[in-house]
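Same chain, two partners: chain A is paired with chain B first, then with chain C.
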Partner chain A sequence: MNFTKTLLATTALTVVAGGAFAQEMANSMTIVSWGGAYQNSQQKAYSEPYVAMHPEVSVTWDESSNEAVAKLRAMNEAGNITWDLVDVVAADAIRLCDEGLAMEYDPEELLAPGDDGSSAADDFGDLIVSDCYIPQIVYSTTFGYRTDMVPEGVEPPSQICDVFDLDKYPGKRALEKRPINNMEWALLCDGVAKDEVYDVLETAAGQDQALAKLDTIKDSVIWWSAGADTPQLLADGEVFMGSTYNGRLYSVIEEQNQPVAMMWDAQVFDLDGWIIPTGLPEDRLARVKDFVKYATDTKRLADQANYISYGPARASSAPLVPEDMKQHMPTDPANAENTFLYNYSFWADYRDDIDAKFQSWLAQ
Partner chain B sequence: MSDVILTDIKKKPLSFTLPVVGAAGAFAGLFVGTAQGSGLLGIVIGGLLLAAIAYLVIEVLNHTQERKAKYGILALFLLAGYLFGGLPGLVVGGLFGWFFSWFVYWVGEGRYRAKLPPYLTSGQVLWHFSFRVLCGAIFVFLITPILVVMPLSFNAENFFTFTPEMLHFDPAGYSLRHYRNFFNSNEWQSALKNSLMIAPAATILSVSFGTLAAIGLSQPHVPFRRAIMAILISPMIVPLIISAAGMYFFYSRIGLQGTYLGVILAHAALGIPFVIITVTATLVGFDRSLTRAAANMGANPVTTFFRVQMPLILPGVISGGLFAFITSFDEVVVVLFVGSANQQTLPWQMFTGLREQISPTILAVATILVGVSICLLTVVEILRRRSERLRGMSPG
Partner chain C sequence: MSDATAGAAPGHKKASAAKAAEKPGPMVDAEGRPLKESLNRSLRLQKMRALMLIAPLLIFVLLTFIAPIADMLFRSVQNGIVSETLPRTTHRLADWDATTGDLPDEAVYEGLYYDLFIAAERKLHTRLGSRLNYEMTGMSSLFRQSGRSLDDIGDVYFDQFKDLDPNWDEAMPWAELLGDPEWIAEMQAWDEDSGETMPTFELADGISDLLPLTAETYSAFADYVQSEDGDSPLQEEPWVLVHTALYQDLMAKDVSGYNGPQAAMLKAADAAVGGFESVTFKDGMEGVDGDWLDHPTWETIQMYSPEFTNGYFLNAVDMQKTPDGPAMRDDDQRIYGLLFKRTMFMSLMITGSCILLGYPIAWLLSNVRVRTANLLLILVLLPFWTSLLVRTSAWKVMLQQQGVINDVLVWLGLIADDSRLVMINNQFGTIVAMTHILLPFMILPLYSVMQTIPPTYLRAAKSLGATNWTAFWRVYFPQSVPGIGAGSILVFILSIGYYITPEIVGGTTGTFISNRIAYHISSSLNWGLAAALGTILLALVLGLYYAYDKIVGIDNVKLG
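For the complex of A and B:
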């Protein structure tokens, strides 16, 4: 009897220990991201060094972040999760977390502490905007303009309200085909103080006011929906100025040598990061956790800034960003004089209403 | 019949020649003028200029000096084009000059009637030519988007833009970098590999099943032939997105989603209708007494099929197979659903690339694919003619 008990206990212990120490890890991972220069920077900074350390692992990249929410829903319904790690913007992460499609995690357990000794939760700080969200970078949506299309004898545009000034800066503008950011900018240039923007935008009158302001330039706007659109329009000379992600503009200016310059005024910060889908089998989950711990440590996040001008989400990574890249960072003090942070709670509450209004205004 | 002159031609009165040539000139002037900033001015100048040229050439010089006059017009347009727009203008001017030097005489000397029957009214003559112009315009409308892609794929820039260097035919504006990028990039090469693996496999499946189904359905004694045929052809008629969503959920349940086999089966289902239709069409001309004769001589059905029937319907089988191949090779919707990132095919890679990073590598790939498609369609056409000739339907 006693012997049997001991035997059972040791067996159980071995199983537990085996599970804990030699946890089976899957050798392939499908990571979903945005493609383009951004995905490239992730491959260089995260997956290539990781695979160099673990040659048995093969990583497949899927450029489907744009439709990540819809696809994860379909996968969940079909009971067949084929993605291991998904790169999404914060707003999508919040939605996925609410729907139970993204896994909640404990920062102290999943993420490495900062190189400066701070705990992971402190190091990321407020940027962990959802219990499921593992932030990687801070990017901003801001304007670029063609330097050769500035009218003669006029200062190049530098204020957000120059976008709305057709007399001084005639020409087409590219704006994103959604109300977010555009509504804020419109109100800001219609005399609303910056800290009152969201109070005004809550009201129907405030929404009409923003649309009325946008109406003044509507005929000169080309609406974009993918991050690649504005760079193409700027390179073509189809538009004089246009909003897009700051990393895209960096690539147009520094890598493609187009006559384009940045306008940092009233840039809107947003986050990009990972979520782990719920319902992964044990071995795949173990592999993803191992990868995430490595890919979000202080050094890896700082290294990504070598390849693209997005700011690392960890405070401890900031000092490690290379000097020549700092000036292109949206978070650089010279660029961040007047900034917004994407207001997740406001847009979570009002997005559907304002979207409908915006779309019907677009169709008029 | 090309050299036969059906109607005597005679010189047209100026009251006809000048307005017609002037109108053509105004039409051309509209484009040149719009490109230079003022369409209206272009219409006026183009109309007047061409009317003046027509008067000069037809009335003053007449057709004895035709050759000299033609070269004169060509030189005039070349010079004007060069002054207006440099090297690209020279090319455009040359094209205009070549066309109008011919057009002026064609209209002015009444040559357009030469190959038409003499009893046609002027209304019928007008319709005869406007019909051809309309057809040409539709052709241009269909083919231009494809043609524009080709020079852009040799762009030296990383954008979909005709740079000033390209428009000046400066060699520095052109490069093969996007083609190099296609052949050197892992993503594109693995996409190409996937496409080259999935498409032939799907083709073999569709051809085997499609041919068997077509032969079976052509037997008069098979019950519910029409219903079965309709079901087999349905993937061609049902909107692709619906088939794709259905396949996604079904394949997920049975573990085929995200596997090569799944994508191949899905593409085979899309390709089968093409094979059934082309093979059924060839079977219409197939003489059934041949199979009976073969059976009479002791051949079993399998031998009969491979030795007698197959060689005769082969052109239909091959052209059906080519359509099935192109369907799979060009397909993006179903593979987005049924495949996973490991089965990323060329069209998928192009689709995501186009959305996330507008890179001319996509154009380079598109140009290559257009070339491949043209080759395949040429093969289909040659086979079709051969089959018609063999069946005595055309003199060949």
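For the complex of A and C:
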């Protein structure tokens, strides 16, 4: 009885409050991210200063980004969206946008203009790869190798094709257990020109060509599925070289002082950013919009680079990145001599098909 | 419950027996009702009471467990999205014969344009694109890009109507032409801040006979504006789709008898449309994306038009739908058959290793002093209380090439440093790690069964001249079989559904079908295929359970 009374009273209060402040902003936000060092950098650069400005706001962090797509779909079907802002990679954002699960937005309205006076759309430029996507950082998938395992009298690996050269660089490699990036690298090292890679990969013959190239090192590959696997395998000396996200390698090298070095050749740029789920109530949407405007402005994006070695997505943030961090950024000119651009719309179309082939090739 | 009825029945019997002695005929109870009916009644009451008692649990289980699973499994055949998003297209495409090699006719393209336009406004087209992309690569971008450039067709007519009379680009004349005057009056009286819902759009009388397509598309527009945007159709200019529809209507119909609102504007347009520049829908769609003139695009749409499909199930057994019926996939895309076989084989291996390792431990547990047994039992249960991820990662440390076991073997000089054993990222790693994780599920049922086997039986057998082996094999083992059965069922069913451990230690050859299910649920979002795979897995388990019941008998399974 007592409980019911309390419940009724609370509900009534909430209704009154909700009615009175219908046009106001909600005071709580659930932000979904990846956990670990990355989420930490977001908390330090975005949410902590925001909460300092708005002490009435409470921010909850949920570390569910790797299953965000499926969970958002389930929430949408249940008609109860409990997340306010979700951090996803570009490919997932495109999928969520296609499925109608992420909200389309107008960059000029939602995002702040750059500090150098450029409009938001120009400042982010091509990085807004989907109408729903608010990019934050540029990261890259690239290789790290054990410096102490380089054979004597041989130059350390510096070309992407060294990954496929077992004679010169014997030892195990760690590659991600999915076709994306691996197929492109294989084709690059099988004589396909950089700007023709996706044309070749479109054809069944091209896919077979990539798999045949991967076949040459298949027995020496350990396939990873979590970003933390390669750093661990490198630290244990299980593999000689392996692909992973550049920020993970940064922490192995700089923070754990392992004998590991970066190989930036043919690094593949990718993006990480926010999407706002569709179907948020107005007060929560208003709060999220306010937060996003703040968290994606020039200063905040540059500030995040203090905490992690990922490049800010705004052109106007680049000059503000601290000097000692610049050399670790994938976008630094010295590191970005030869980069590869990930083709989002290609993979949105071909992912299922090539994945089936890739998985069946793996299983054989 | 059966005891209670057994107790109740004799009472009735006695009473009715007395009556029966007085009068022959059907046996009746004390109140004169036939005994059978009375018995049924009391049984039914008891059943009801029992049902009431378990009702909360039953409803809970139904709501939170059975219903979601049934819903999920049902997705394996559901395919309504195609005909819901493209109703006109799929309807008109039904008569198209794909085997002739001709493209569908103009009517289909017309339907496609209308369907796609409305779907794009409602942002449903990309969803359909990703659904069809599971069946045919390239559909996803075809729909996404078509949604963007679809206006090109309508703009042809829109521009000409606008040049004719700027009012054709105004909201109000359109609303007056097509809307019910009463509705317009209500709409004008409606106050946005009053909190009342907007009056729903109504077509003017007779307009849908006069301008059928225009009325239909304008209704769709008005509905969208009102329900999705919350705006008033009196203030929003209609889609260019409506202009296209008006052009078609004016070309086909005679509007000279019309004298309702905006009659002059309509008649002026009617006089002019004959000289309008026009474009066929087929050419228009080709301009939007050349793939609309591809035969396979239409084959796919036609094949997946029905509301229910067996496509997911065919996919789950490495087959695909083709215009000539189901066919096997290309060799290099077959994977699920292999994974199902592997899942079965490895689950059996794991169950077998659990029996081999668990049996002696359970025997030891039930044959030592209670104090020691309890201590050993804690050791068996200890892994239970550790996180699954920790246990799996620990196996990584043990088994990897620079790991503990290899280091020890190298140190002992049993293997050379450059030929360390590969024990992880393959089937061996998965079997070892999962045997360890599932071992308690084998030991516990075995232990509880073995505890009930009196040690005197073994002694009696031996005193009658049996050797140790004969006594064990002929006397002890048969009595422990129910424990093996229970443990095996538990371990086997658990291992069939495991995916975290295989994902971490299985590499490429040690992964299970559940890993693919997880991938389709959380990465590719192909829930239909995941549901089909899950349904097949469930059927396999039920089949094995049935076979087990037939061969061994489920009554012979004991958990304690």
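List of remarks:
FYI, the second predicted complex is superposed on the first by the 341 of 364 C-alpha atoms of A that agree within 3 Å, B and C clash if a C-alpha of one lies under 4 Å from a C-alpha of the other, contacts with A are read in each partner's own complex, and residues count from 1 in each chain.
Throughout what follows, a contact is a pair of C-beta atoms (placed from the backbone, for glycine too) under 8 Å apart; a residue touches a chain by one contact, two chains touch by 3 or more.
Everything quoted here is computed from the prediction, not taken from an experiment.
Upon superposition of the two complexes on chain A, a steric clash is found between chain B and chain C. Contacts of A:Ala37 after superposition on the shared chain: chain B is touched, whereas chain C is not.
When the shared chain is aligned, no partner comes close enough to touch A:Arg284: not chain B, not chain C. Of the two partner chains, chain C is the only one touched by A:Asp208; chain B is not. In the superposition on chain A, no contact is made by A:His328 with either chain B or chain C.
Looking at the shared chain after the overlay, A:Cys97 reaches chain C, while chain B stays out of its contact range.
Once the two complexes are laid over each other on the shared chain, residue contacts for A:Gln359 go to chain C alone; chain B is not touched.
In the superposition on chain A, A:Asp62 makes contact with chain B only, not with chain C.
When the two complexes are overlaid on their common chain A, residue A:Asp236 makes contact with chain B and with chain C alike. The clash between chain C and chain B in the overlaid arrangement falls on one stretch of those listed (405-413, 459-467 or 477-485), that is 405-413.
Applying the stated touch rule to the two superposed structures, the overlap between the chain B and chain C interfaces on chain A comprises residues 66, 236. Listing the residues of chain A that touch chain C in their complex gives 66-67, 69-70, 73, 95, 97-100, 104, 172, 177, 208, 222-223, 225, 236-238, 345, 348-353, 355-357, 359-363.
Interface of chain C with chain A (complex): residues 123-124, 126-127, 129-130, 133-134, 137-141, 144, 332-335, 338-339, 342, 400-403, 425, 503, 507-509, 511, 516, 521-527. Within the complex, the chain A residues that touch chain B are 30, 32, 34-37, 39, 60-64, 66, 74-75, 77-80, 82, 226-229, 231-232, 235-236, 256, 258.
Residues of chain B touching chain A in their complex: 157-161, 248-249, 252-253, 257-258, 340-342, 344, 352-353, 355-358.
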